[in-house]
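Each of the next two complexes has chain A plus one more chain, namely chain B in the first and chain C in the second.
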Partner chain A sequence: MKFRILLAAVLTAFSFAVAAQQKPIKVGFSMALTGGLAAGGKGALIAMEIWRDDVNKRGGLLGRPVELVYYDDATQGANVPGIYAKLLDVDKVDLVVSGYGTNLIVPAMPIIMRKKLVFPALFGLAANEEFKYDRYFQIMPAGPDPKLDWSRGFFDLAMAQNPKPKAIAIVSADDEFALNAAAGARANAKKLGLNIVYDKTFPPATTDYSPIVRAIQATNPEIIYVACYPPNSVGIVKSASEIGLKAKLFGGGMVGLQFAAIQQNLGPLLNNIVNYDFWVPEPTLTFPGVNEFLAKYRVAAVGKGVDPYGHYLPPFAYAYLQVLGQSVEATKGLDHGKLAAHMQKATFDTVVGKVKFGKNGEWATTRTLQVQFRDVQKDNLEQFSGPGKRVVLYPKEWKSGNLVYPYKQ
Partner chain B sequence: MFSADLLANAVVAGVLLGGFYAAVAIGLAIVFGQLDIVNIAHPAFVIVGAFTAYILNSRFGFDPVLVGLLAAPVFFIAGVLLYRIYFIAFERTGQESLSGLAFFFGVMFIIEVSLIMAYGVDYRLVQADYIGRVWSIGFVDFPLRMLVPFSVSALLTAGIYLYLSRTFLGSAIQAVAQDRLALQLMGADPVRIKQWAFGLGIATAAIAGSLLIIIGPVEPSVGRQYIGRAFAIVVLGGMGSIPGMFIAALILGIVESMVSTFAGPSWSPAVAFGVLALTLALRPAGLFGRT
Partner chain C sequence: MKSTVFWGALATIFAAGLALTGVVQNEYYYNALYLILQGTLMAVAWNVLGGFTGYVNFGSAGFFALGAYTTVALNKALGLPLPLLILVAGVVGGLVGVGLGYLTLRLKGVYFAIATLAMSIVIETLVVNWSYVGGAKGSYMLTPDTHLWFDSYIQMLFVVMLLLTLAAVAISRMLNSSRLGRGLSAIRDDEVAAECAGVPTLRLKLVSTSVMGAMMGVAGAPFPYFVTFVDPLSAFNLFIAVNAIAMPMIGGTAHWIGPVIGALLLGTTQEIVKVTISSEMNVLIVGVMLVAFITLAPQGIVGLARKLRRGRPK
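Presenting the complex of A and B:
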């Protein structure tokens, strides 16, 4: 018995040594490590490094160690094509994945398509809608019709109320992601026969949101759908509280309300807001491996000035590399055509649950959660580490509680 | 949608917002408006001020405004040292125009990257009792999150104006902008005076930063969004005019707020900068600039 254990240990050590000596498989990407999306980008990078270390500890992919090659895109779309050109022509990476966010995925698409590469993408809303590229795979679980699915849950919840709301306000930041989200909300509202009483955009660099919130209030909407990035979300939530915004359902597509630092600062102002999310620590979403991953993330995140819990983006940043890694193992090679064919038909076991892609590279079925903030206390970060503060209302199969309606501050 | 309630609140919100813009722009009104130094890094110093407020607020519970006031002398010294470098490297050799601009771009990036290395990229916010509270007079609301920055900014502007107009050193700062040679003939050292003025400009960034983080979340690169606006305010007010700068900031704030309320927020930058273009077409020296 002892001999067998010794032999296994020697063989494992040998396989690690062999993997370490092999030419590494290089995975290249741009990432927002500075600029407006850096808070998410840096967290994503930590997750990707955890994946790399996990894979290399198991002996790498195809017996070769994995190496990540990345450059900071500074949250500037204009930097992205040059980065991918360098990754492919100078660094000679074997595989590529996207950076974080719609605005930074779209600029990479032309060069990726020209080279016919498999392109797992991280949190782009409807980024492939115009390109219709058959080797694009989006890890964000927006769903097969991303623009509509993004806000479908928000509207389903609203229309399940009695009496049904009739008037809606839609407000979004003037950028690619938020405009896509607002377009979906508009289409959903029209389909449901809601009266859109306010439908405007605002510059992302807005400082004071009270004129916007007051203008919305003046139109007396019952539902207010907001799509924007973190600084905007904070400004809108604070202004809504200061003005005493009256609506029956408020929230929808606000990025930032998923981040621990912002949650801590806004505290009770978040209560009863209904907003999208993708993973929260509710019992219905405890997928195999996710808690182990988050435990590693929490250790790695210390002192790096990133979200300490990493519930929002990091599990998906880990998962899109899991998809890529599992495909490499399954196809036993780095042929992009075979990888794409595998990704189109396989179901992947990841830390964010089972992932199956549809024809357009989006998730085959939506898992855009609508969560409601509940009983949030003032200045308490720890409360967001466990269940109960972000109750899942939608979709039904992941539901952990019922909607508190109408919205009350 | 028009109502007296909306109009009054839009005007008040615009005035409060403009007051905050003035706090960001006042340092540039001195450095750019009076000394002709294109300090594109000024908003980056504002962000350093915001981070200083964040650190002392989160660790020791200090009020952000108090932190801004306490940090101002340190910023002043940093400004004096920065000007010495700028003077030795560029101004003395007559290369201040383009090389100087590149220098301040470099300073801006160094500040941003240093903040990222030291504190990461997460959004930072502060806690203070008045954040979230609202004073109301009739149907008009005054959120303290905006009223406090406005009040501090108004006091800062008044203080700087009095300093520049009532003290010997203040007069010397204004003189160095107008006629450096004449000042030298009177026995004053223009370099030391410019150094002092530059330090004063940077000191205001400490206070502006503490006001910025009261209003909303801050991350290292957020200062970039204020570069255009701050320079526009200085130009609109009339280069070097402190009262002009304050009025220009209020005009920009009110225009943004009114357009956001009644026409749509996406139009507000276009209309605000349209006002700037129109004013400069009619008064090329700005509202209060010397022609």
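Presenting the complex of A and C:
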């Protein structure tokens, strides 16, 4: 028995040594490490490095160590085609994944499509809508119809109330994401027969939100759907508090309310806002491996100027590499045709739960959560690390609490 | 430089570019070269107004974006081929250049510079609110399947940009060494004196702004095919405007070759730094080189070379 254990240990050590000596499998990508999306991009990179280390500790992929080859795209789309050309033609990477965000995914598509590569993508909103590329696989759980699915839960929650609300205000920033989210909300509202009493956009560089919030209030909407990026989200929430905004349901598509620093900044002003999210530390969402991953992330994130808890993007950055890694193991090779065929039909076990892709490369079913902030205290960052502060209301299978309705500050 | 040598050099460079597409398959080099050439074309264009005429333009990104969005709009409306799109973008850029000249002809120095910046912001605001071209959401441009006899679309784009850049350099040289160019120099040195000496300053300034606008529009026209997704953030990028100013300043603004030297030096450095250190370092590099040249060699590399030649014992 002892001999067998010793033999197994020696063989394992030998296989690790062989893996270490073998030519690595190179995974290439561009990432926003500076510029507008740098805070998210740096967090994603930490997650990807954790995945690389985890895989290499287990002996690599196909017995070969994994190496990440990446360049900073500075959040500028014009840098992306050159970076992917370099990755593929000079660095000779075996696999590629996308950078973070729609604007930085799309410029890579022509070269990826021309070379017929599988392309796992990180947080692109309907980025494959025009290309219809069958080897594109997007990890953000927006669902098969991202624009509509983004706000579907918000509307389902509203329409489940008695009496049903009738009037809605839709306000969004004038940028790519927010306009898409608002378009989806508009379509959902029309489908449900809601009366849209306010439907306007504002410039992303707006600093004073009081006139906007007052104008919304003047139309007396019961539901207020907001779609915007972090600086706008903070401004809208603060103005809503200052003005004493009255509505029955407030929130929807505000990016930024998922980040710990902003949560700490806004504190109790967040209470009872209902907003989208993708993963929160609620008991219904403790998928295998996610807590272990987040524990490693928290250690790695110290002093790097990124979200200290990393609930929003990092688990998905880890997961899209898990999808790729599991596909390589399952197909026992790096043939992109076989990898794509596997990704199209398989269900993947990842730290963000089971992932199954639909025909357009988006998740086959949406898992865009609607969460409600509860009992948020002032100046307390630690409170957001655990459950209870962002209660999952939607979808039903992940629900961890009931909606507090109507909204009260 | 003699005309025969100049035209021979241009023909040789173009032939070398064409030959390159037959020898090198690696797409990375064409991507990098495309961006360097785009920078060179923008620098040459900026120098027509900023260097020859002495009117500093901070709104280069606006003209560049005009070209890019002309492509987006006309491709969507009429599905025109790339050469026609480039031509129309040049006309649109030229017309807006003339408009800029008329509207700002009473402004000088820093006031003119601020007006150009304001114009760029006005154009950006119009584009953001023009949903036909994607508005703030941006617009997709699928790369066409056909690319003549080239192996890939980026090879063709590189050759197109090479041709446009060489044409711009030729126009710039002709302007610099012509009677018209001497008139522009007179405006740069002392506009009132030039006017008194009979130089038609208004007409020459309009020629200068329209040539600059047309060249920048042409530079922006193929951009949507290069990135495949154009949004106001990328088309009106401040970095485009900063590079368009920095490259001629580093190379030297008084001579037609100055912006070419500056663009090749700065553009190549930026492309190397992008894949060795970080894309963001490019901003620092531009800043440091600009400060260094303005302090140590205000006439740029061309001025420095002339100074050294004059100082050399005979």
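Here is the rule we go by: the second predicted complex is superposed on the first by the 409 of 409 C-alpha atoms of A that agree within 3 Å, B and C clash if a C-alpha of one lies under 4 Å from a C-alpha of the other, contacts with A are read in each partner's own complex, and residues count from 1 in each chain.
We take it that a residue touches a chain if its C-beta (ideal position, glycine included) is under 8 Å from a C-beta of that chain, and two chains touch if they have at least 3 such contacts.
As the structure is a computational prediction, the values presented were derived from the model and not from experiment.
S.K.: Could you classify chain B and chain C on chain A, in the superposed arrangement, as clash or fit?
M.R.: Clash: chain B and chain C overlap once superposed on chain A.
S.K.: Identify the partner contact of A:I273: answer first if only chain B is touched, second if only chain C is, both if each is, neither if none is.
M.R.: A:I273 sits against neither chain B nor chain C.
S.K.: Just checking: does A:D175 make contact with chain B only, chain C only, both, or neither of them? Give me first, second, both or neither.
M.R.: second
S.K.: Could you tell me if A:P107 is touching chain B, chain C, both of them or neither one (first, second, both, neither)?
M.R.: It touches chain C, and chain B stays clear.
S.K.: Considering only touches as defined above, state whether A:V323 meets chain B (first), chain C (second), both or neither.
M.R.: neither
S.K.: If you stack the two complexes on chain A, which partner ends up touching A:V351: first (chain B), second (chain C), both, or neither?
M.R.: Neither: A:V351 stays clear of chain B and chain C.
S.K.: Which of the two partners, first being chain B and second being chain C, lies in contact with A:A44: first, second, both, or neither?
M.R.: A:A44: touches no partner chain.
S.K.: Mind working out whether A:V392 is in touch with chain B, chain C, both or neither, as first, second, both or neither?
M.R.: In the superposed model, A:V392 contacts neither chain B nor chain C.
S.K.: Check the residue A:G235 against both partner chains and state whether it touches chain B (first), chain C (second), both, or neither.
M.R.: In the superposition, A:G235 touches chain B alone.
S.K.: Go through the superposed model and pick first if A:D89 touches only chain B, second if only chain C, both, or neither.
M.R.: In the superposition, A:D89 contacts chain C only.
S.K.: Considering each complex separately, which residues of chain A are in contact with chain B in the first and with chain C in the second?
M.R.: Chain A residues touching both partners: 33-35, 174, 201, 203.
S.K.: For a test of understanding, state which residues of chain A touch chain C in their complex under the given definition.
M.R.: Where chain A meets chain C, its residues are 33-35, 71-74, 76-83, 85-86, 88-90, 103, 106-107, 109-111, 114, 130-131, 174-176, 179-180, 201, 203-204.
S.K.: Could you pull out which chain C residues touch chain A in their complex?
M.R.: Those in contact with chain A are residues 25-28, 30-32, 35, 128-129, 135-138, 140, 142-143, 152-154, 223, 226-229, 231, 233-234, 237, 239, 271, 274-275, 278-280, 282.
S.K.: What does chain B use to touch chain A in their complex?
M.R.: Interface residues on chain B, with respect to chain A: 1, 3, 6, 9-10, 13-14, 16-17, 20-21, 112-113, 116, 119-125, 127, 131-132, 134, 141, 143, 145-146, 215-217, 219-222, 225, 256-258, 260-262, 264-266, 268-269.
S.K.: Please output the residues of chain A touching chain B within their complex, sorted ascending.
M.R.: By the definition above, chain A touches chain B via 33-36, 38-39, 41-42, 75, 174, 200-203, 205-208, 210-212, 214-215, 218-219, 230-231, 234-235, 238-239, 241-243, 256, 259, 261-262, 265, 269, 304-307, 379.
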